[in-house]
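Two complexes follow with chain A in common, the first pairing it with chain B and the second with chain C.
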Partner chain A sequence: MNDMSDKTPRAAQADGDLAVTGLSVSFPVRGGGLLPFLRGKERAAVRAVQDVTLAVRRGEMVGVAGESGSGKSTLARAFVQLQAPTGGRVTLGGQPVSSLDPLAFREQVQMVFQDPYNSLNPRRKVGTIITDSLVVHKRGTPAERRAQALEMLDRVHLTPAHFDRYPHELSGGQRQRVAIARALILNPKFLILDEPTSALDVSVQAKVIDLIQELERDLNLGSLFITHDLNLIGYLTDRVAVMYMGRIVESGAVETIWANPLHPYTRALMEATPSHKSVRGKTRALLKGEIPSNVNLPRGCAFHTRCPRRIPGICDTALPLPQTVEGRTVACHLYNDLPGAAPFAAGPGEEPAA
Partner chain B sequence: MSIPLNAAPGAELPKSGRLSRLRAGLALVVENRSALVGLVCVSLLLLVALFAPLIAPYEVDAFTDGVLEGPSWMHPFGIDQIGRDVFSRVVEGTRISLAVGLLAVTISLVAGTIIGLLAGYYGGMVDSVLMRAMDIVLALPYVLMAVLIAAILGPSLQNGIIAIGLVRIPRFARVVRGATMSVAQLQYVEAARSIGASDFRIILHEILPNILGPLIVYFTLSLGDAILAAAVLSFLGLGAQPPMPEWGAMLNEAQRYLTTHPFLSVFPGIFIFVTVLSFNLLGDGLRDVLDPKSRR
Partner chain C sequence: MTPGQLNGAMPTGQSLLAIRDLDLFFDTRQGPVQALAGVTLDLAPGESLGIVGETGSGKSMTARAVMGLLPKSGRISGGSIRLKGQELTGLSARALRAIRGRQVAMVFQEAKRALNPVKTIGSQIMEAARARDGVTKAQAWERCLTQLARVGLPDPDRVMRSYSFELSGGMAQRVMIAIATVAGAELIIADEPTAALDVSIQAQILDLLNQLRSDLGTALVMITHDLGVAAENCDRIAVMYLGQIVEIAPADRLFQDPRHPYTCALIAALPSPEQRGRPIGEVRRVAPPPKGYAYADRRLGRGGVNPDKAQMIEVAEGHFVACQQPLPGAQAADGGRE
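Let's look at the complex of A and B:
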C-alpha cells in the first residue's frame, strides 16, 4: 500500500502555493460577565479551527469535507483573509500574507460564497457587480471594464443581456455564475469555493460544477473546494482534507483515502453518504450522538465521544498527532504504536503499519 | 462563443428594471387606502406650498378693510385682530411649515445616518461611544433644547429648526444603526470585502442603498413630527416670531381671542393637524410597501 506515498501532501511547499500553517481561529464567547474576566480566568472561546496545515497548489483542487460546525467555512474565510487567524499563518508563495499589500493578495486569491441569493447586492446590476472588482483594483477605463465583464459573462455561459439585469431577475444557478465571474475577472491564481452548490437545485448543481471544472482547467487555478458532499469531492478534487471539530483528521490523495479510509470519522462519513459505492449493499453504521460543543472541547481526541473504535484511557486523554500511514496523513491513536490499537486495514492481532 | 449550458439564458428573463419596481411599489401604495389618503394630502400640501403666491388672494402683511371678522366669501378663513386675511396667511404658512420640517429633518437625517452607519458598521468601541452620546441627546426634550438654544442665540425660526434637527439625530442614528448591522452581516458585504473594497466603498455602495427603505419611512414619519414640533415652539414663542405667518405663531397670536373669535385658531390648527396626519399616514403606508415582511 505504500506505493501511493508519492501522492501525499507532505511534499514541501512549492513557490506560489497558497498555504496555511498551524492555523487556528477562535471566537471569544460573548457574555459570562465581568466577574470571570476580573478573576483572570481564561475567557471561553469557540475554537472553530485548530492547528490546521494545508496547502493549495496551482492547477490542483483540494477538497475540504466535514459536518456542519467542523470549521470548514471558517477555514475558507481564513484562507481569503476575511477572518483573522488567532494562531498560525497564511502564506502565499511562501510569503506571509500579512506582509503583502491587501489588494495585491486579493488580486490573486478570490472566493465564491455559498449562497448566491445572499452574496449579490440586490440593488446593483450584474454588470456593476462584476466590474466593481476592476474598479476597486483601478484597472482599465469604463469601456474596457465593460468589455472585460462581457467576456467574463460569456466565459461563465451567461449572455450580454445579463449585464443589465438585477440579481433578483436571475435564477440561483445564474446568480452563482455571476458570483464566479466577479471572482474570476481579477484573474486570480487561487479560488476558494465555500459550498458553491449547496444552495442550488440538484439539476443546476451539475451545471455549475461543470463550469467550475472547466474554468479551473482553463485558467490553471488552484482551488479549495469546501463541501459536505463526499461524492462531489471524489468526483472533483485531487486531494482531500477531512475536518472534524476544527482539526484535519485525515488528508491525502482522494483516490487513496476513498479506496480505504483509515480514520474512523472518515469511514463513518463515507458510510453515511448514500450513494457511495464502497458501502452499497452494506448496512450503515451511522454515528451516534451530536457533534460536541466547540466551546468545551472533549479532552484528547475530539472524536472519541462518538468514535466506535475508541481506546479507553488513550483517546480521551491524549491528542492524536498526524502521521503518515499508507500514503496519507491521519491523526488517530489506532495508528500509533500503542497497546490495544488495531487499525482497520490490518487484521486482528497484527501490528499496525506505521 | 461556446454553447450555453442553460437553454436560451436570455429568453426567460422578465422585461423589467427599476421602473417596473417603482410602478409595483406605487400600486401597493394605491392599494393601501390610508397611504393613498396620505399621499394625496401631502401632494396637495406640496402644491399649495409651491404655488402659495398664486393661491393667496392678499399679501401676507396687507391690511384689509375689516378687523376680527368671521369667514366670508371674500375672506374664507376670516380676518385677524389687525386686519390681515387669515386664508392668505395660512396658505403662506404651508410653505413655511413644509420648509421648516424638511430642513429640520434633513439635519437629523444627514447627521443621524452618518453616525448610525459608523456605529453599525464598525461596532465595538465606535458603536459604544457614539450610541452613548446619542443616548445623552435622546434624553433631552426638544423644548428644553430649544429653550437652551434660544437662551444662547435668541429665539428665531432658524434656531427652532436647529433645535428640532439636533434632537432627532439619535432616533435616525438608531434606525440606521440597526439596519446597517443587519445588512453588514449579509454575504454580499463580505463578498465586497473579498474583492478588496474599502470600508468607505462598502458603506456607500453595499450598505447605504440597502437601508434606504427604513430610512425613507422614518424620514416621512419624522416630517410630521418636526412640523408639529416647529408649531409648538412657535406657539411658545421660541420659534417663528410675529408677524411671520407660521401656523404655531398664528395660534399664539390667536389665543387671546380664543373665546371671542375661535375661527382665528381653528384654521391654522386644522392645517397643522391635517399636515401631521397625512405625513404619518404616508409614512405608515410606505413602511407597509417597503417592508418585505409585510408582503404576502
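Let's look at the complex of A and C:
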C-alpha cells in the first residue's frame, strides 16, 4: 500500500489491474462558428480529464477526491467505458479495453451511481432490475436467476420480500443496496462507485459504507470510490487521488497524505472540510475565488490562480511531471527543483502511521 | 417548572426568539401527520444555534414555522413562537410580511433557485432594502451597494444589474445573504446554506456568515445535516429527531459528552480518518411510532422504554437531554465506542 512506485504506468498494467494511462476526456463546446476553425485555431473544449494515470488493483479501494468540475465523475465514467476517452487508454489486465468484447468487459467492471432515485428504472421491479444483467449475459434459467438474485439480496442485507417491490417503495438506502446488488450479480472483479452515499443521511450512509466494506473484503473487489467527502475517503479508502480541474494533483496512500498533505490544494481542501472533531472558531486559510472555467484553463498549473503558495513567474509555466515526494506523488512546482524539501514540514506527531 | 424553562438557556425576557411546545401537523389523505412535537428552544441576541438532524427530523419545518412559510397543509396546533416578545403564531399574512425581512430573514439552500430568475439582483435586493421604514429609494440603493460589497462581491454595481443565472453558486449565496441582512434583520435563519456548494466555497460562505454575525450582532439559526458544519460554526447545537429536540448543548460539550442515544449514534455514524478499520454507525432505524415518545424504541443498548412524552433534563450547565435515563457520563467523543 505504501509502495508508491507501483503507481507508475508500467506497473499499472500488471496482471488483473484496471488502469487508465494518460487518460484525457474533453467535450467540444458548441458554437463559436466556423471562423476560428478555418483560422486553424484549436476548437474550444471543456477539458474534463487531462493526462490521468491511475490503477486499481483487486482487493484495494482507491478514492478519488475533488470538488465539482474536477473531472472525478468523468474519470469514473471513462473507467467503465461509459465515456470514450479522447486521449490515453483504459486497460484491464494489461489489455486495452477497446479490444475487449463489451459484454466480457462489463462482466468484470460494474458501476454504482450517485443518485439511487434516478439510477433505478421506476417501472421495473427490484427482481427484474437485478436479474437483467444475467439475462443479457445469458446466464442460467429463470429459476436459477431468481435464486441468484435472492442470494444477492441477502448479501446486501435486503429480504426476499424486496424482490417483488418497485423502487418507489424503497428508501434511499435500500435503493442503493439494490444498485449495489445489480452491480455485483455478475460477480465482477472491479466496482466503480460514483458518490454512492452523497444522497443519503449520515446514519444510512454509515450502513451502506459498512456494506461496501464488507462486500469488498468478502469478494476481493478492486474499487474506485469517487466522493467529495474527505472525511469519508480518510475513513474508507487505501489510496487516494486528489483531483483539481481534470488533473491528479496528489496521490498516494491515504494515511501518508492525510498525515501531511503536500500539495497546497490538498491542504486547502482538508482545511476547508468541516469536522465535528475540529476546534471551534479555528482560523483557516480560505481558498480565494472560485474554480476557474474548464474551457479556458489557467496557464501552467491550473491551481495557481487560487494557490496560497503561488510563486509568481513560475507557477504559470508548464507543470513539471509529477514528482515522488515523501512516499506520494505530487504535481506541483514547489516540489520540482527541490524534491524532498517539503514546504509543509510534518510535525513530530504527524508522521504517517504506516 | 415548565418544559420551556427547563430547555431554554435563559428566561424568556432576555431571548430574541422563544419557541415553546410547538406542535405542527400536516393534513394528509392518510390523516394528520405530526411533524413537530413539543419543540422548545431559546435564542439569545447575537447567538448562533445549529439545528442538526436527518431528513424528516423537522429541522426545516421549525425554521419555516418561525418564518411563517409553512406549506399550506401545515397546521400549528399548539405552542407559541415569540420574537422579542411578539407572538408570531396566528399572525395574518400581512403582519408576517412586515416581520419577515425586517426582523427575521431567511437564507435558503439553493440560492440560485431561491432567487427570481426573471428579475435583476438589484430589484430583488431593493425590495428587501425598501422594506425598512422611511428609506428613500436613493438611500436604499446605497445600502444595497454597501451590503453587496460587505458580503464580498466585487463590483456591486454590476451585480445589481445581473440576473441570477449569471452568478455562480457561491456568488448567488452571497447575494442571498446580502438580501437577508440589508434591512437590518436581527435574526437570520439559514436553511442548509452550504449544502449545494463545494467545500472551498462552503468555507468562504460560513466564514462570511460568522463575519457578519460579529460585525452586525445578528443572531443565526443554522439548519444543517452536517455535524461538522454545526460544530465549527455554532455556539449551541440542537439535535432533532422525529420532530423533537432530543438534545441541546453548547457545541463543544455536545461532541465531547453526548448523552442522548440518538446523538451518540449520529456522531458514531460520521466517518473520520480516526475511525479507520472500525465499523461505523450502528444506528437502528425503525419506523416512527405514531405518537408520543418518538425515539423511545431507538434507545441503544438498554431497555427502559418510556412511553411518556419527553422531558428535558439538564445534565450540565446548558446541556439538556430529552430522556428519562440519560446515559452515564464519560462518553467517549466518538459516540461511546471503546
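Here, the second predicted complex is superposed on the first by the 316 of 354 C-alpha atoms of A that agree within 3 Å, B and C clash if a C-alpha of one lies under 4 Å from a C-alpha of the other, contacts with A are read in each partner's own complex, and residues count from 1 in each chain.
By our rule, a contact is a pair of C-beta atoms (placed from the backbone, for glycine too) under 8 Å apart; a residue touches a chain by one contact, two chains touch by 3 or more.
Just so it is clear, the model here is predicted, and its values are computed rather than measured.
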Chain B and chain C placed together on chain A: clash or fit? fit
- First, second, both or neither for A:Pro102, with chain B first and chain C second: first
Touching partner for A:Ser68 - first (chain B), second (chain C), both, neither: second
Tell me the contact category for A:Glu151 with respect to chain B and chain C: first, second, both or neither.
neither
With the two complexes superposed on chain A, say which partner A:Trp258 touches: chain B (first), chain C (second), both, or neither.
second
(message) In the overlaid three-chain picture, which partner chain does A:His162 touch, first (chain B) or second (chain C), both, or neither?
(response) first
> After superposition on the shared chain, which partner residues are touched by A:Asp210: those of chain B (first), chain C (second), both, or neither?
Replying inline: both
After fitting on chain A, the minimum C-alpha spacing between chain B and chain C in angstrom comes out at 5
The intersection of the chain A residues contacting chain B with those contacting chain C is 207, 210
Residue positions on chain C within touch of chain A in the complex are 54-55, 168, 170-171, 198-204, 206-207, 225-233, 251-252, 255, 265-276, 279-283, 285, 333
Touching chain C in the complex, chain A uses residues 67-68, 201-207, 209-210, 213, 228-232, 234-236, 254-255, 258, 268-269, 271-278, 280-282, 284, 286-287, 290-291, 306
Seen from chain A, its contact residues with chain B in the complex are 80, 82, 102-103, 106-107, 110-111, 113-115, 118-124, 132-133, 136-137, 154, 157-159, 161-162, 164-166, 169-170, 173-174, 179, 182-183, 186, 207, 210-211
Per the touch rule, the chain B residues reaching chain A in their complex are 1-2, 4-6, 9-10, 13-14, 16-17, 186-188, 190-198, 201, 205-206, 209-210
